[in-house]
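Next come two complexes, and both contain chain A; in the first it sits with chain B, in the second with chain C.
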Partner chain A sequence: MALLALLLIPLLTAMVLLVATPTRYARGIALFSSLVSLALTLWLWSNYQGIPVQALDVEWATAWGLRFTLGYDGVGLLMLLLTALVYPFIIGAGYGERLQHPSMTNALLLFTQSFVMGVFTAQNLLLFYIFYELALLPVFFLLLYWGGERRRAITVRFFMYTLLGGLSLLFGAVYCLVQVEGFNGDLSALATLDLPYDTQVWLFWVLFLAFAIKLPIFPFHGWQPDTYTTAPVQGTMVLSAVMLKMGLYGTMRIVFPAVPLGVEHWRDTVIVLSLVGAIYAAVIAFRQSDLRRLIAYSSLSHVGVLCAGLFTCNRLGMTGSLYQAFAHAVLAIGMLYISGALKERVGSSEMAAMGGLKARVPRLAVLFMLVLVNAIGLPFTQSFVGEWLMFAGLWQVSTWLSLAAVSTIVLGAIYMLYAYQRVMLGTDKWEIEMSDVSLRDHLVLVPLVTLTFVLGVHPRPILDLVEGPVQVLLTSFPSLN
Partner chain B sequence: MVGQDVLVLLVPALPLLGAVLIGTLRKRLSAGLAGGLATTLLAGAFACSVALFLSEHTELGGRTLRLFDWIHVEGMMIPFAFRIDALSLTMMLLVTGVGTLIHLYSIGYMHADGRASTFFAQLNLFCFAMLLLVMGSNLLITFIGWEGVGLCSYLLIGFWYTNPDYNYAARKAFVINRIGDVGMVLAMALLFQQFGTLEYAAIAEQAGSLLTGNHLVVLATLLLFVGAMGKSAQLPLFTWLPDAMAGPTPVSALIHAATMVTAGIFLVVRSSVLFELAPVTQDVILAVGTATALLAASIGLFQNDIKKVLAYSTVSQLGYMFAALGMGAYDAAMFHVVTHAFFKALLFLGAGSVIHALGGEQDIRRMGGLRGSIRITYITFLIGTLAISGLPLLSGFFSKDLILAHAYQYSPVVFALLLGGALLTTFYMFRLFFLVFHGSYRGGAHPHESPATMTIPLIILAVLSVVGGVLNVPHLLGGHEAMKHYLSTAAPALGASSLHLAAAVEWTLMGITTALVIATVALTYRRFAIAPTLDGDSASMPMPKRLLAERWRIDELYARAFERPFGWLSTQFHAVGEQRVMIPLMVGFGAITLRLGGLVRRIQTGNASFHLLAMLAGIIIFLIITLLSN
Partner chain C sequence: MSALVLLSVLGVLLLYAGLFGKRTLLAPLGIIGLLATMVVIRSGWMMNVPLVGAMVRFDHFGSVFGQALTLITVLLFIFGIDYYSRVRENVAEQYALIIFSLVGAVLLISYSNLLVLFLGIEILSIPLYILAGGKRDSFRSGEAAFKYFLQGSFASGFFLMGIALLYGSTASLDLATVQASAASASGSAHMLYLLGLFFTIAGLAFKVAAVPFHFWSPDVYEGSPTLVTAYMSTVVKTAAFAAFHRLIAGMELPGAIQTMLVVMTLLTLFLGNIVALRQTQFKRLLAYSGIAHSGFLLLTFLGSDPGAPGVLFYYSITYSLATMGLFVVLTLAKRSANGDENIRIFRGLYRSSPWLAIVTMLLLLSLAGIPLTAGFVAKYQVFLLGIEGGYILTTAFAVAMALVGVYYYVLVIREAFTPREQAPELVVSRLNWLVISFCGLAVVVLGLVPELLRF
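And then the complex of A and B:
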């Protein structure tokens, strides 16, 4: 029941917001709802025994292989935690964005939360697919109605990309259901499909395409920079902090067990593509003049390493990748929040329009620096733990690939510090009044920064959570380990 | 041993406490109070280090103090632990001792700066990171400190953040260090795969069974050395250090002379077991160290910025330490780390006192004749100059002579090169000294001596620069090589190097070196003390000299070969890769899909949004039914 509640709390709150449109209290109600979800998720975590939980199993359209089955294991719980944790911040960030119709925007955000929770708990392939597609709908509306310049064209492109991925995933799912006798769509049964090698080789791309686009990895990222830049801050937060992890989660929950031979076949290709993308995006980020776009490319670069880590198919790489997924969510929220806070003060996210802000907003500069050290993966931040595990995992795959991956720590420092300089440092040229961090800024940024360092020094709780599932995954790849 | 453990913990904890306290209360603390607090806490850490030095039984090889499990995954266990042995204790004493003096000095130097408390918070944070670096029991803990000192270095170089040049210098330092870090991270990944652990002690134990020249060990040591190259500013990664002089002078003294830049040497010494197994790497280190020592010294000859001269001197001296490491003389390298920390910190702080006295002037062409007006600075700076030049019985004499003796034993060529470097050192140091303190004053300021908080550290460091040699007096001069014996308990390689030169040979080498050094001093006295010849613009110089004055144009070379192409690449990737390939691809793809969508729409009667809405409604109804039926 608790799992169902996790889906229903945001869903029902969203519907109340839509119907009642309590403009003044919309954010407060949404925030309350997200905090209840967080409390509930923490409660689930405290009761988790390390054994996968099957919470709900109801007949739906069993003949088509569709059952309403909810449950979670360590990785699912990690994703639930991550989602539940970032939503209060995402909604809180909305207090700064002067969007019209706050009840509408918050309802859309809560819809995404509900469906994302569905993605992370669905234990049936088709149910997963349904939630996976549903989760995007509210984001389209956010982008279409509250986005920046050229939002229509960008929304259409974004929609096309995702549609292609979604259809491909649906085809793959249906193929599995039709082809394999006795497969009822249960995710835990994916590992027993035992498809022929040749089938796995092509089916891999059919299944993986959706996730490759969602993450996205090179060269499937065409939608990402524009969308991240144009969407309202909260929309981008949802996309990069939460939805991106759906790609990662889907890959390890569906692609890895269903087509392990296909994964082995394409492993090096995917790692190379991911790392090419990681370096390519990091190089591009250096000369970006818009902070939001720089963050978009930075995210693309981080995701490349993340995906490469997952595809090492070894313990260190996969553990690191999952750990990093959590770290990246915290990082993305922090970075995007700061870009929003700056835009609020300066009126633009063009870095050419900034510079010398440290003299005016010294506390914001310190907080920016604290978020930034996580972005460049200094030890004792969350990112370092994840990156180190991924680098160590990649080393076991190939010396050259790990060299490529590790080179991103140089590139990251190059573009991040350059961005920091362009925003914060230099002479104070401002003639307008500007307030330093407000209470709201503190309430968002201080917990995020604290979390970054606490989990950087004490990563144990998260590492323990993923240990079991990673162990299970390893059995999919006996020849690689 | 509980009391001992608390002492160990206090050493890094006190400066960390200072960083956090001063950092959070920086608005409410006055400059003096923040400085006083920072200095007191670090002095406390020094006291703890001294107590540990006196009470730890390092002759048994040292011990590990394990605090908690940091990164623990099945198959990988990285504890947060400290290694307490002769090597880490030596470095702890050095960092906290010299650090305290420089903190004290900073109270005077930074008293008028509006952000002095931020400065002290960052300085304390630096000490914390540096202590983690030297105390870590495994490579990953060292790496925490390694990156931490890099961050503090970045923050402090760019401390005066309104100047874009300083900000650039700060970024440059961080990025070049990060290039080295790539080597370090890969080395750790390799060593972990090879040994299943990153603990120094465990690696040393397992390495005992490996053969000399093992390929993986050679690769690992080369990668570690790449890391050391970045942090310790060796060729080709040295260009950040001279630029790092943009930071306040105490920062240059503490971070960019006495402590952080010796981290690379420390790393090699800490991993001596591995380097002993990799003769190829040792040769590379010797070559790089010697080349750096000579190249940096040659650049130092014609620089006119007082801090730049000292910066190139630091690069050059670090080259000497690496040359020693390349010859397997770990004890000589460590000895030089210690004496160099004394006299180079002294020289930098002296330079700071000069700059302070002249209201910010750094060009030695506009100095001169200062010996009358800033007496204490003059005398202490003279001592520092004599020590770095290696005049007999001063600290630099013992440590540099030890390296030269090893070089002679290794190969006369190396000896000749390093001796040449030593003479260049004497030349540029005395040129600097005479141009600053002798002759007549060529500037327009009113020089005044610095306050006591600044002169007291100068005096203490001057005393140390004079007597520092007693730490390791060679047998030849009636000593017992005390430091070598002390360090050898940490790892056998640290005591393994031996000189078997005949006493007559050693005396001769010493005599030749000293005679040449004195001759060089006489030469510089004639050229720069009596009637100083001042260099004008480098463009008007004859060619070889101009090349030196323009630092071999290495910065320009790097800008052309790396920085500009990188910027170009960034623009091109975006303009071509993204704008001309990705977006048209996506648009074309979108158009096709739209057309397909149009076809599908004709077949189906409904529209997409209706379907989605129906789907949503279906799910909601279903959920409500499920909820009610349960």
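And then the complex of A and C:
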């Protein structure tokens, strides 16, 4: 029941916001709803025993393989936790944006939350697909209404890209449902599909395409930089902190169990593609002059490593990838928030126009640095744990791949510090008075930074959470381990 | 049978009401008559009894489709109250012609003899030729009527030729006999049979606007009065597909015909969707989207699954509901934009009338096949059928084309939700609001609970 509540709280709040449009209190209501969700998720976590939970199982249209089945295991719980945790920050970030129609924005954000939670809890293949597509719709409107320049074209491109993946996934799902006798769409039954090798080889791409686009990995990333830059800050936060993880989760939950032989067949290809994308994005990030665009490309670079780690198909790599997914969410929110805060003060996110801000906003500069060290993956930060695990996993696959992955860290340090230099350091050329960190900035950034360091020093809780599911997944690849 | 009589009488009554100048009575009378017809069909009276020398048989299939078709016509009539309130002349005739055309549709869903199939098509079409030219002072309307008439007669010729050839090879016009001799015919008789079936299917393909027999559809859709276009793209299309299904369901299709159907499906999917991408006029867009949906519907004919008629029913009815709603919205938006039909007229719709914009979005999403709308369930079932029938590549192609389809619907949604300084002022009468809301809610509710539209 708690799971259903987790889906319904944001959904109903969003509907109330849409209908009643309480312009002044919209943010407060949304924030309250997201905090309730967070509390509920933490409660679920404290009650989690390490065994997968099946919470709800209702008939829907069983005749064609659709049941309303909700549940979660360690990975699902991690994703729920991540979503619930970042949402208050996302909504809180909205206090700075002077957007029209706050009730509508917050309603759309909460709709997304509800559907994303649906994705992470659905235990039926079709139900998963339905939530997966639904999560796209509110973001579409968020972009269309509150995006920046050229948003009309970019919005549609984003929509079409994602839908291409979605339909491909649907085709794969239908294929499995029809071809495999006795398969009822239950996710836990995916591991018993036992499709022939040749089928798995092509079905892998049919299923994986959706997630490859969602993540996105090279060369399916065409929609990402523009969308991240154009979307309002909150939209980008949702996309990079939460929806990106849908790709990771889907790969792990659907592609790995359903077509293990296909995964083995394409493993090296995907790892190489991911790493090529990661390095390529890092190089492009260095060349960016717009802070938001730089963040977009750095996200692309991080995701490449994330995906490579997942596809190592060994314990270290997969654990690291999941851990890093969590770290990346915290990181993305922090980075995007700072870019928003800077834009608020300077009026643009062009880095060339900034410089010397450290003298004006010294505290913000410190917080920026603290967020940045997480992005670079210095020791005692979350990213350090995740990335170290992933590199170790990649090392087991191939030394060269691991080296390639490590090089993204070096590149990351270069472009991040270069960005810091361009924004904060240099001569102070600012005539105008600007306020340093406000209470709101503190409320968002300090918890995020604290979280980064606490989980960086003490990663056990998260690692424990994913250990069980990773062990189960490993049994899908007996020949690789 | 009783439905046929009832509808014919209703048509005549409407003509009389018009003769005595009772304009306000027309639509209510028509709606009551249609509802009565629906009740009669639903009661199952004289069901499964061979009638008129075993040429017509109302079975379960006919009954279900009959109810749905009358229901959609009821919606059309409610829409008509507002639509015809500005027209002075010949309103009664137009209502009556729609009813007469519906008689043909009822024949199409219940025939068991090829001659009745032909009769049904003609009774369905001839009123349409007149209706298409309903705006007598409009050049385009006249053009539409003339084009429709010429190409329609041509198709009828094809069709008759096909029936004649089938008769030549099987010595019977009875549907069951013709279907049964698919396997037994051999030699030159087989050749005749194949040709006969080919021409018959070509004639029907014309009615459902399947490529390459679709050329009439965009021009006729665009030129005809919107109400008539709505009728053509819902009731007429559904009835034609039902007739198509009756013709080939349950028979062992010869290989050549099977190939023909696959090719036709692929072409229809491709052309309908690709050409729709280039459309800026909303009515034309809906015409091409209609062609595209014909492609998906044709997919249901490929396999021989017993669930196929159910899927056909669900798909065609949900498609009809969504299209009907959109035509009403189009009429309103067009009115406020002084007759412009470009999709730009929807810009700012969300600002001026949020509910209308949301419903429009739902209807378009349903046509696009986004989850939780009826359109998704419909497409999903079609894909299931396709893969089950072993047509994996054809289905994969259909999935790809579904993606293309999403694009042009999303463009319209984008227009509706793009802000504009001077938002269009739409005047929505209460009845139109009712029709639009009904369609919008229907596609969502049917998507959530597909069992409601059980076959």
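Everything below uses one rule, namely that the second predicted complex is superposed on the first by the 481 of 481 C-alpha atoms of A that agree within 3 Å, B and C clash if a C-alpha of one lies under 4 Å from a C-alpha of the other, contacts with A are read in each partner's own complex, and residues count from 1 in each chain.
FYI, a contact is a pair of C-beta atoms (placed from the backbone, for glycine too) under 8 Å apart; a residue touches a chain by one contact, two chains touch by 3 or more.
A quick note: this is a predicted structure, and the numbers were derived from the prediction, not measured.
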- Does the superposition put A:Q179 against chain B (first), chain C (second), both, or neither? second
- Between chain B (first) and chain C (second), which, if any, makes contact with A:F141: first, second, both or neither? second
- Note on the structure: Across chain A, the partner (chain B or chain C) reaching more residues is B
- Message: Going by the contact rule set out at the top, does A:A61 touch chain B (first), chain C (second), both, or neither?
- Response: second
- May I ask you to decide whether A:W43 touches chain B, chain C, both, or neither, giving the answer as first, second, both or neither? neither
- Task: Once the structures are superposed on A, label A:V156 by its partner contacts, choosing first (chain B), second (chain C), both or neither.
- Result: both
- Tell me which partner A:W388 touches in the superposition: chain B (first), chain C (second), both or neither. first
- Could you tell me if A:T319 is touching chain B, chain C, both of them or neither one (first, second, both, neither)? first
- Using the superposition on chain A described above, determine whether A:L170 touches chain B (first), chain C (second), both, or neither. second
- Have a look at where A:Q471 lands relative to chain B and chain C in the superposition and call it first, second, both or neither. first
- Item | Common ground on chain A, meaning residues reached by chain C in one complex and by chain B in the other | 130, 134, 137, 156, 160, 163-164
- Message: Can you tell me which positions in chain C touch chain A when the two form their complex?
- Response: 365, 370-372, 376-377, 380-381, 383-384, 387-388, 392, 395-396, 399-400, 402-403, 406-407, 410-411, 414, 417-419, 450-451
- Note on the structure: Counting only contacts in the complex, chain A reaches chain C at residues 61, 64, 126, 129-130, 133-134, 137, 140-141, 144-145, 152, 155-156, 159-160, 163-164, 167-168, 170-171, 174-175, 177-179
- Task: Sort out for me which residues of chain B touch chain A in the complex.
- Result: 68-76, 140, 143-144, 147-148, 151, 154, 158, 161-162, 164, 167-168, 170-171, 174-175, 178-179, 181-182, 185-186, 188-190, 192-193, 566-567, 569-571, 573-574, 577-578, 582-583, 585-587, 589-590, 593-594, 612, 615-616, 619-620, 622-623, 626-627, 630
- Listed in rising order, chain A residues that touch chain B in their complex are 1, 4, 7-8, 11, 15, 56, 58, 60, 68, 130, 134, 137, 156-157, 160-161, 163-164, 219, 221-223, 225-226, 280, 283-288, 315-316, 319, 356, 358-359, 373, 378-380, 385, 388-389, 391-392, 394-396, 399, 402-403, 406-407, 409-410, 413-414, 417-418, 421, 424-428, 457-460, 463, 467, 471
